[in-house]
Structure formats: C-alpha cells, structure tokens
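Down below is the structure, laid out as structure tokens.
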C-alpha cells in the first residue's frame, strides 16, 4: 500500500473517529441532568419568553434534528450560540485555538528539545550516579502536578522575584497587526516563558525517560555494535545510529504527549490565565455553557487526532520499515 | 425551642433587641407587635422537627461565610435545637434552594449593583409574593406588604415613597422571613499615585460611572488598566446581565440619564426630564452630539432604542412596559406617554437603556440577526455615542476602549483597558508592580489587600459598604419556620456585631433593617479619604465567635467604617445606623 | 608469513560472578590461510573473535596473553589506534550479521559510511565502490538503494560481506556467518566468501560450530571447549587423525549425506560453567576416558602428529579413536 | 509427587517423603519469592518506591491514630498559623490542621489510585487479550475502540464527566477507568500478537486447550507484569488527575483530598499570604505518592526489560 | 486406558495421515480502499496442492528451502491452521467431517514438537504443570503416573529431578525433551517435528534425533519430520518429500533419494549440504539466488526460473508422478529427469 492510500485511509479513519467522539459528546451532554438553559434564562423570563429562547437555541426540536444540526456543525464550524452570551461559539473560540497551539506547541517543542538530549545523555552515562540522579529528577518532575509547579513558579518568579508576569498573554492595550506580530512580540514572549517552562518541566520527562530506555535498547542492537566494529567513532555511532533509531518510539510518544498537552491545557491555562481553549472549556463547563464546552472539547479532540496523525506520518517518514498497512 | 438552655429570655421579651442580649443599640424605630411572640402551641409543633440543616458553600471559597454559618448553627443549638451545617457548592445550593423546597435554612448573599441602589428592586423581588420563583425563594407572603411595595413603585413623591419603603421594611423586619447578617464592604484598590479623582459612591463603591468620568491621570501614563476577574459576557446594548459589562456599556453607549452622586437620576444625554403631566414625559436631548461614526444622535435614535425593548423581550422590557407611546417631537425631543404614572422610569429605564444608532441597527435587525433577538447579536465593533469608543475585545484577555473626543462630557484619559484576570493573586501582583491601575472586583481576602496597600505608597483603597448583603433565609413554608415568632427568635439570637467584627474582621456593617436604606439619599466620598476608610477594628484572638457577649472593640483612632459625605441627607439614618 | 599470533589469551567478563570465557588459547594464522574455530555453544568462540577484533563488550577484558597482528602487538590498544586497524586491516562478519545493518539507512549509505570513515574518498567514488562491492558478492548493484528490510536474510549477509571487503583488509573474521540460513543460502555464501578470499588473497578466521563447514572451507582449525583450546592443526590432519576425545566425539555426532548411513553418537552432559575456575581438563567431566589426573591438572598443549593436542592421554590415542565411535563408550559415562 | 508408586512403602517413610516434599516445596516457594523480590536489591529506586508507598498506605490505614486533629474541624482562632509544635505543619485559613488533612488525604488518594489501577488493568488487559488473541473483526472493532479512547482528550473528558455528574471520587475513578485502559490494551495486544505465535501457545492449541484456557492460563500470565507496570502508572495518573480536577474546582468540596487542599489554598490566596506550608505540603504529598508509583513501575520495567538492565 | 468413546476408526489399516490436494493460501493484506475499489487480493500459496500419506510407524521427512511451506504444511496437518483446500484424513476420517468428540480425539492423537526449545515451553509453568496440562484438557486419569512415564520416555531421568523445574532452569536439550514428553504424554498416534534440533548444540542433537526415532518405532506412531538439512533427515526418516514453493517435487525412500535424487532441486539441496570431510571442498552452488515469493508464481514448473536444466517443456506443470521408479515409490515432478540423471 502506498503512502497516498495510507494517508487517505488514516484521514477517513480520523474523520469517522471524530464523528464518533462528537456523537458520544452529544449524548453525554443530553444525558446530563438539569436544564442546560437555566443559566441563560435565569429567573427574569416568563414561560413564553423562555420557550422563545429555547427555540432560539434549537432546544425545542426533536433529538434527531438537534443531533443532525450538531453533526453538520462539525463541518461548518457553526457550533451554535453560547448559552451564556448568545454569541456564536466559533467566534468565541477561534482565536483561542491559536493561543492554545502556541503555548502547547512551545512547551512540547521545548520539552522535546530538552528531553531527548537529556535522555540520550542518561543512556550514555548508564550505570553512573549521574544517570541515577537524572532519572530520579525526571521522575520527580513527572510526579509534580503541573498546576502546583505552576503555582510555585508564579510564587517565586512573579511574587517574590517579580521577574515574570504571573499570567495572561499580553501587556494591556496593545493591538497587533497580525497573529505573527503578536506571537513574536517581546511582550508576548515574556508572558509565554513561565507557562511554557512549567509545562515543559513536566513534559520533558516523557521523551527523556523514553529516550533513555529506547537508547539503551538500541545500544544493544547488533547494528550499533557493528557500526563500532566498522571503526566509526563512538560519538558518531551514538548520534547516527543509536540516537537516530531510538528516536522512533519517541515519535510515537509525541502523539501521546501532544494528546496530554492538549488535555493539559485545561489546567495550565487556568493557572496562568492564558486565554486558550482549555481555560474556555473550564469556564464553559462551570457555567453550564454547553455549546461552548462541546465545541472546545471537540476542537481539543480534533487536535489530539491530528497530533496522532502527524506522529504516524512522521514515524513512517523516519522508519523506512513502515509500509503503511 | 427557646426553653432549652435558660437563654430563653429572648423569646419572651416583647421588645426585641437586635443581636445578642447585651446589645446596647436600641431599635427605637421598631415596635414589635405582641402577637409575634411565639405561641406555646406552635412551639410544640416546632419541637417535632428533628434537626435543622443550614446550607452554606464550602469554606474554601468564602471562609468567613462558612464560619458565620458555624456560628449561627451554634447559636441555634443554644436554643435547644439540633442543627447541622451542610456544605454545598453553589450549583447544588442553587438547585436545592432556588429550585427546590426541601431545605430548612440557607446562607445567602446578594451583591450590590447600581440598579439595586434604588430600593425598588430588592423590596419588590425579595418580598413580593409573586416572586417566589425568584429572589423570594423562601416562600414568604404578606398581602399588606405586596400592596405597599407595589404602591411605592407608582409614587412620584420621593418622601411618600420613602415612607412606603420604610413601612415595607418594617413589615419585613417584623415577620423576618430571613435574617440579615451584614452589609459587606466592597474593597477597591487603585494606584493613587497615578490617578486622581476616584469617586466612592455610597452603596456601590469606587467602581462606578462617576469615577470613570472623573478620574484623571497625574503623570504621562494616560491609559487606565483595570482588572476584572471574569470575562464579560457580551458587548450588546440590550444585554447587561453581567456585572462586569456594565461600565463598558456605559462608556460606549450613552443613556438619557445617569445616577448622580446621591444615586438619583440626573439628565445625561437628556437635557432635562420634563414631566408634562402624570403620564407624559418630554425629554429634549443634547444637540450636536454624534455617534462614534460621526452620525448625529437624534430623537429618532432614542425612540428606536426604546422601542426595541418594547418589541423584543429584554431585561428592560419591564421598565418600558408602562410606556404607551414614544413620539418624536422634533429632531432633539422625544415624548414618552405612559399608561399610568410610573415614577421609577428615570432611574429604571432612562438610566439604563442605551441609545443606539438607528442607522446601524435597522440593518442588523432586518438582515443580520441569526436569532430573532437583538440581545443575542454581537456587533463586531460596537457603536455608540458614549465617552469612549470601542477598539478591541480579545476574549478572556481584555476590552480596550479609547476616548471619544467629541463627547459632551469628555474624559481626561486616553484609553481604558479592562483586563480579565481570574486569579486574585495575579491581579494583586500586577497592581503592585504597576501593570494595573485598579482592581474592579477584588474577591480575595481583604486583610491581605489592606496589608499590601498599606505597605505600598502608591496604592490606595476604598472600602465601601454596599447595598449587597448576607443573610440566613428560612424556608417559610416548612415547620418550624412557618411560625413568625420562631423566625424572629432566630433573628434575635445572632449577634450581628460579633459576626461583622469578629468573623468578617469588621469588613462590613451590621444591619438594623431588611435590605438597604434608600440609597438615593446616600452620598459619596472623594478618594482622598478613602485609604483611611479601610481602617477597621482588628480582630483579637479572645473574641471568638460563640463566646457570645464579647465584641471586638473598634479601633479608636479610626473613623467610622463607612465614610459619610457631608452632603449626605440620610433621612433614614435611623434605619441605617 | 604469520599474520596473526595469539598467545595464551585470557578474556574475562566482569559480572556477578565473573566469567572467564577464554582461558589460555594460542594459535597462529598464516597469510592467505583460513582458520576454522569450532566448538559448542558458549565455549568462547565469539569472545575470542571479538578479542582479536578488539571489539569485546564493555565488561569484557583481556586478562592475559597477547595478540600479535602483522608483527604488532595489538593486545592493548587505545581506542584511536584500534580504530585505525579496524576495518582497514581487519574486518568482521559478525554472528548476527542479519541484524547488523541499521534499519533506517539505505545500503549504500552504510557501505559509504564504512569507506568514508577511514578514507578520504568522494561521495561519488565511494558510491561507485559500493556498487562494485555489491556485484562482487553477487547482488544486483541497484539494490544499494534498498533499505535493509527490503533484503532477504541471505542478501543482508552478502551486504555485510561486501562491507567487510570494502577496504580490502588483510584479515576477515567471520563469526558464524551462515548459522541462521538454510543450506542453499549457506552454500552460496560460503562459496562466495571462499572465492573472494582466493581472489583477494586475504586471511580469514571462520568461527562456526559446524565442523562440516570447517571441513569444506578451512585450511587449518582450532577446536575449543570450555574456553580452552583442545586440538589445533591442519584440517586434513584433524579430520583424519584426531586425537582428542572431544574432537572425536564431535565428529561422531555429526551426520553426513556422504557415504553409508551410520548411527550418531552424542556427548552426554553439558559444558562447564565458565564462571568457576577450573582445575584440570575442562572436558574431564564428560570424557569417557577421563583419569584422575585429568581432573587435577591442566594438560599442556603438545604437538602430536603434526598438530597440537591438549590432553593427558589417559589411554593411548589409538584406543580413544577406536572406542569413541561407539555409543556405549559415551553412555557408560554416568550422565550428568 | 505422591501417587501409586509410594503406596507400597511403609507409612513412616511415607511421612518422611511428605515432609521432605513439603520442605522442598516450601524452599521452592521461598526461592521463587526471593527471586521475585531479588530485583529490589538490584533496583534501589524500586525499593525506595515500595517503602514510600508502604509508608503512605500505613498512614492511610492509621489516619485516625496519626492525625492529631479532625481534619475538617475549623478553628478560626488559629487560622493560618505557621508550623508550630501544636500544628506541625501549620493551619489553613479556617484553622484546620494541615498535617491532619494531609494524613487523611492519603485515603482518597490511595483509594482513587488503586481503584483506577485495578479497573484500568482489568479492562485494558482483557481488551488487549481478546483483541490480540482473536484478531480479525474482534480485533478491528476493539482497536477502533482504543483509537476512539485515544482521540478523547483526557483531562477535558474527565472534567465534563465530573461536571455533568456528581463531583465525587467515584466519578473520577469511573472516568479514569473509561479512558486510561487504552494504553494497557494496546501494549497488551501487541504482546499477545507476539505471544500467540509462540510455540508454547501453539503447543497448547495442539493439545486441544480451549481459547479461554489459552488466553488466561498461557498468555495472560505472560502479560501480567506489563499490566502491573501500566497499573502502577495508572495509580500515578489517577492521583495526578484527581488533584488537577479538584484544583480546577470540579472536585467534591467536602472531601479532604490533597487536590482539594491546594484548591482551597489557591482560593484563599495562600501565596499572597506567604502561607507556604499550606500550598507546598499537599503538593509534596501528591508528588511523593506519585513518584513512589512511578518508581515501583520503573523498577519493575527495568526488571522486565533486560536491555535496560545495567551491565 | 480410560478412553471410553472411541469414535475414530482405530482399525483403519490405511495410512494414519493422508492428505490430498492440500492447499493453504494466505491472502495478502491489502488496504480497505484497495478492496473497496474492487482490487483483487493476491495470495501467498504456502501450501499448494500437496498429496502425502504417512503410515503408522513411519517417519516422513519434509525438506526444502526456507519459506517453501514446510511449517505451514505441518501445522495444517495437525489442525493448527485451517486448510483452504484439499482434504486431510486421519485414520481414514475426513478432518472436516469429524464430530466434536472425534475432533477431540484427533487433538489427543496428533502432536507437534517445535523448533525453538527456548520458546516452546511456557516460562511460567513448571515441567510438571506443563506436562500435566494436556491430561487436564483431556480429563485423563492416572495423571501422575502418565507424567512420570512420559518423562522417563523422554529420558529425563529420574523424573523427580525435573518435575519441579521451570524452563529457565533447563538446558536447551532438556527443554526439547520436556517438549517431547508433553507431546508423548497423551500417547499420540501422529507427531510433527518441525526442525526440533536446529537450535541445539551439535553434541546433543544426536541424542534427540535418536530419541525421536526410537519413540516413533516403539510407539508405532506416524511422524512428519521437517528440516532443510538432508543430513538430519537421513538420520530420521524412512521416506522423504522434497518441497519447493508449496509443492512436493520429489518423494521417495530417504536412502534412495539421497543416493539418487531425480529432481534438479533435490540435487541442489543435497549438494548444498556440507560434508564433514576435508577432501570435499566447497563447490560452485547449483542454485543461484533465492526462491521467489510464492505470490506470483511462474507458469508451468515452479522451479523453472532457477533450474539449470529448464527447457521448452517446463512451461507446463509437471505432476509428481511425471517420473517414477518402477515400484512407484520414488517419484519426481520434473520433465527433464532423464537429462538430469545423465549429467
């Protein structure tokens, strides 16, 4: 099977999965107890007005009609109106997708940039005190809840030292001509440092520990010994053969990491008041703003699926043995 | 009930003292009718009640509220009743209490809002029997009350209206469907080194329209950065449900009227209010004023703006309901004719309804709305005629408004950035390091705030007692709370001074009455006195709640908690103090 | 001329417990000659090969003796010196040659890597050389573009052979190059190796457990047991005139398609534990002829009939040779 | 081995035989255990993990004995006290003893951790076994289910579930069980695919063993260590997740959990008040528990995977 | 013996195992899309029309290159894999038409010994448990006795020493003996041994081979012995089939076949076996390259593309009886047998 067919098949699979997840979500929310519109309707409305509002949100229609509308929204991005503000949901969340992507992207990239060499270093120093210490350190950062390290980070770097902003994404009152201008502005980067580092501090341990294990495994492979036999220098063997092969499982893990990163945005963004999807989702869930909650969830799920897909592609690219079937 | 612990003298005195037995403040204004003493037979019924449950939110969100509930519960226990405190999150509390009937007592709080400055809102919604689905969630009914509270609505004469309100308060107090515990103070810190002219509005606090039209930068930073802890819901001139939104609205869209320093409606876009007779109000508007896009503001716009509230169901459909017709007299004059005389109109409608550009909204309503309700339409660039123009709204981040230079009442600074910062800690840090100039709704610990403000020369703080309050409500439909006397016994059981001073560390005021005094009589304080107003009695460790009788001694060097303006007419001082 | 001389070599693996895998092995290899090393699994063949190549695992160390290659003592070389010899002068086809190719690089890149690491050759030149080598080992030169997984086991083995020839080394060490392959491929590969060696004139050490492979491809041979050398010498000599009971046992355990069918004998028992120091002959416990002295003293390597044997000769060699062909001889030993 | 062969022998030697048999059996069992636990000697980190976990379990079991105060008892007079002799780890803003809260917090942490681990292990193992063993459509269907679970963002899903239903630890455990089995299932399946081609499984089939027997007697024991490994990771995940959920405000507010403690520290501005004892301690407790689970898992993994072992 | 319900025909005096036209084709995995657009699935023809009959007490050798389908044939024979065509008869009863109880009996009576002694025992079972399992599955009585007996037969003596051991405590040869004991404990009538000694040390190979041979003789079993090495086959087997790309190309008594192979492939196979004789130097291989994948097979004789003798006629498929000796025992599927013979 060729790459093209593989990609087509994966895309079809992803689309089907996506719709399945969406369906689950739809019924999950319908099955939830309570009137979803209670928050919006409040107490100031008559029955008639309430009914009108219900109609506005399409809640008066039979379930299958609602379901159909909901499913089409996945394609049209017309996720309906927020129960709280009445605004189109897509308008509320579209910017946040970027904000989340930038933060999570930065932290995952950072995590990999730190973690992979660190893991390789650990494997290289196998059996030494340094390695042991390194592993424990990685495990510690993996055990500390992100929100807690986030709090500590804020406490130290913002409250105590005053070096970094304690949250949000920008200086007040600044307008940017484009997303690019925004995401490259010094003020934005200053705001990005702490949350990205905190998240990366958590995430780097996954590639680090995996890289270590995978390196150790690869270092036992015959081709590594053989490369040494060929008279190739130790460093070149490590880099060209051991690390290169050890990277393969790390790529797969990238999908998992990205998945957790996307999910973890919920916590991180709340701690750092980052205006992203995760924080919006938390807000929406607390406020019973179902359309927004559903839409953010779906976007997050979509991001996870895309990350999985990209990891698959990258794996296929990196590992010539993958034959796409 | 009251016969359990020898402390029962509260129930058999005819004159009820507010708070604990040794409360020295006399409630001179109140006569307690003798039939309100608990009849023995009713009490027998009451004893059949096994255990009373008091619902309160978990201590984490509001530790003081929780502590108060614990205190209250202990006090009730002293009456010989079994009580427990049940912790519930706000959603469960709301569904149990608000939507349900299976509850005994609940801790409840209402926050101060500008519209609540007029006693109408509280007195009607919390007391009128038709609001049992609403704020009268405790199922209280009183025919006399209903009659009086509706009568004040139609009363044009302020003095008579005050009298009616006072009578309503009296009835409410006598029958005690819920016990008022305190009026909390709203604490608002700002950077007084950079900003001058903060107005502290009695009953409201420092965040109000007067502040934002008054305030002036002292240095070269001419943008005001103000923090909110929540996202605003909409920038829609017909939807003002969110507390956060209100100032933004008022900066973007003018109203015909606005509340002055005494919280009385005062002409704004209107030149004057001209009651031609009981049911006709003529309103000339300021000439030469334009919307931000340069189009003139005309009488047509005013009529159009008001008609939307009549045509569609909005939050203000109520206040415009008595309006029979709106006529454009000329380009700058509209005339409202009413079905009956409607006294609250200037405040309830003219002070709140935004004037929108007809030329923009006709198109929106005809062509652009997805949903048949203008309340649900969000303009990309909200357009009004207020002192500030909309620049951007980055959701969850900030709303930026810039000065509209052609306004008839121009402001002295160039822009206002409303930052959305959910974390109290972050807010505070940013205020301290100068990123922020003011915290619009600091919900954190007030002692912490005070410490920070005191240790920072550039910061000031206003602590204002608001019209919001905290109360214990009883389920009036359920024994033993269906007995007036029982409720009143409870009412007098709790020493509110202790609660305010010991539990809330003095950040509030103990009430002598139901809801609020009529705030149109209240006044303002200028920012100069505000910092010191935060001074309050220090809690001493010996004055524990429960050790009834001991009370915190006020800090002798401090002025009274709430600053009083010299111009405060305070007709109802008696009720208030 | 002697190309390789191994004198009383000892190799120990550090561990818990330590394993002394090679225990005093000596032999010489002449230029252009092929030497076969045979022995049961675990007797230290690979260790010996790796020691010569200087490619012992991290925990392995030469603890005694010397290796002299082309007149140079290469027993203890620094990494850098070692790298200069490796592949340039001696190359290795390892036991696990099938897995010796890095799965993520094309064949050409791996051959080129071997060349360019040692010689300053242009890309184009080394690519040409890669194709040339592929042809040499009987593969389609276009397959240099393939990834290892696209080749069959036999082909991969050929690629490794091609690679080992890349720099035309003096010595090729082949450690069981065909064990994992079926007979047809085995024959093809062995034949190719032999042909190339004849053409190019390099020496070779062929490690295997299959004495028939040695018989078909080697000039001289070394029989190892329990880390020690049992018998060594000319292949013809050893096959026709073996002296050591172990060599004889091995021969009798081997089936053949040639000649009349005969019953096979097996050597009961199992090889010694190399982590324990051994007094006496390592084979003593399995040897049907063992005498008390066999258990006590290590026999010295003695030249007998044109080859060397390490045996106390508890009974005369003629007797040993006669009796070792019978099953009962071995069965009479008490089985371990 | 007792059977007909020995019946002819006199009873005394019979008893002797039984005795020696028993003692050799015992030795064998002891040996087996020694072997199983031997890795601890080689894996000091794994040992540390076990010791920490053991300590936490003890604390949880004897919480009422250890804790000096009732963890929910408010004492507003002693609020926000830094550590003293009376309150070894200080008090929170409602005067509740931090140490006692920490001690009682070990209970829900372990409950959630262990229950999640068990359910994750149970579901994951069975799905993996069945998918891997039967292959074909069963495999396809189950693996699509795994893909499905992988497509769902973890924390958000749990938030939705917990928010829509009751905020209790059971909901959290349920939600974790609903998702986290995916990894176990995948790993187990790939091992089963491998194992079922092994001659010893083929041998069982040749002998006529039923599918159930093959799956649970032959294959399952060989994937059990893996399941255990992922189970230990599930403990860690579950505890971290519960903490995060509580922190975000979706936890059961009346429960005494470490996450809930951090949530109330956050709510009460413990940072601004410099009440470090309040917001550091629960974090450290979470970390210790989680890291002990990781250490155990990792030690075990090092043991399972010879390549990872030190030379 | 506790076998109560003997529904197989034990008095059958034909070959114990007989297959005709046996086929096992594996579909090549192709993508869903490929299938959706109606693409045809190609097949790996691992076993492609094999006829074979094995008598009781006889060992049939199966020899061929790697990948020619030997293991597949073996596994199909004992019912580990379902054939895609042809028939298998055990004691004259068609496998397909067996009742449940007959199938159970079939299972009890056919066993297999695998190549890799390190993977053919469950690492978690003790020797006793491992050997007991078949007895449990078939609910046999006198289990302990049977276990001892089987161990003794497999020359694991004394059994007490082995019974409690776990696989990792055993050497390769001992493991293979345990496998044999397990196969024997049910007293099967037919056994497949798939390269049982290829991973064992030379010194123990002989003993396992001898053991297997003796067992087949003593227990009057039928056996199929699989290997790619004719020298091992020679030690074991009475008759031998040579397999190439899923087909048997030559069959005959082993000695006869080794002395005079008829099919060019059999010749090549024989020639490739190294001989422990120093006078015998390695000669140029008769076969170049490797067999093609059994997916797209050439027309006519499978071996044609590699055959040095290939001629015009070879484009037609030869039957196994294309060339037979007078007694019909030694047969080869080759058009050019005579030419080959004369070389």
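Quick notes on this one:
First chain written, first letter: the chains are A, B, C, D and E, and each begins at residue 1.
The criterion applied here is as follows: a contact is a pair of C-beta atoms (placed from the backbone, for glycine too) under 8 Å apart; a residue touches a chain by one contact, two chains touch by 3 or more.
Just so you know, these numbers come straight off a predicted model, no measurement behind them.
Common neighbours of chain C and chain D (chains touching each): A, E.
Set side by side, the interfaces A-C and B-D show unequal numbers of C-beta pairs in contact, with more at A-C. As a whole-number value, the distance joining the C-alpha centres of chain B and chain D reads 51 Å.
With centres taken as mean Cα positions, chain D sits 25 Å from chain A. If you average the CA atoms of chain B and of chain E, the two centres end up 92 Å from each other.
Measuring from the averaged C-alpha position of chain A to that of chain B gives a distance of 41 Å. Taken residue by residue, chain A touches two or more other chains at 154, 159, 270, whereas all remaining positions touch fewer.
Residues of chain C in contact with at least two other chains: none. For chain B, residues touching at least two other chains, in rising order: 423, 425, 429.
Within the complex formed with chain D, the chain A residues making contact are 13-14, 17-18, 20-21, 24-25, 28-29, 31-33, 126-127, 132, 135-136, 139-140, 142-149, 151-152, 154-155, 159, 209, 213, 216-217, 220, 256, 259-260, 262-264, 266-267, 270, 278, 281-282, 285-286, 293, 296-297, 300-301, 303-305, 308. Those residues of chain A that touch chain C in the shared complex are 221-223, 225-234, 236, 240-241, 244-245, 248, 318-321. Against chain C, in their complex, chain E makes its touches with residues 65-66, 171, 173, 201-207, 209-210, 228-232, 234-235, 255, 258, 268-285, 287-288, 290.
Chain D makes touch with chain E in their complex at residues 1-5, 24, 28, 198-200, 202-210, 213, 217-218, 221-222. Residues 74, 76-77, 79, 93-94, 167, 253-254, 260, 263-264, 266-269, 271-273 of chain D are the ones that touch chain B when the two sit in their complex.
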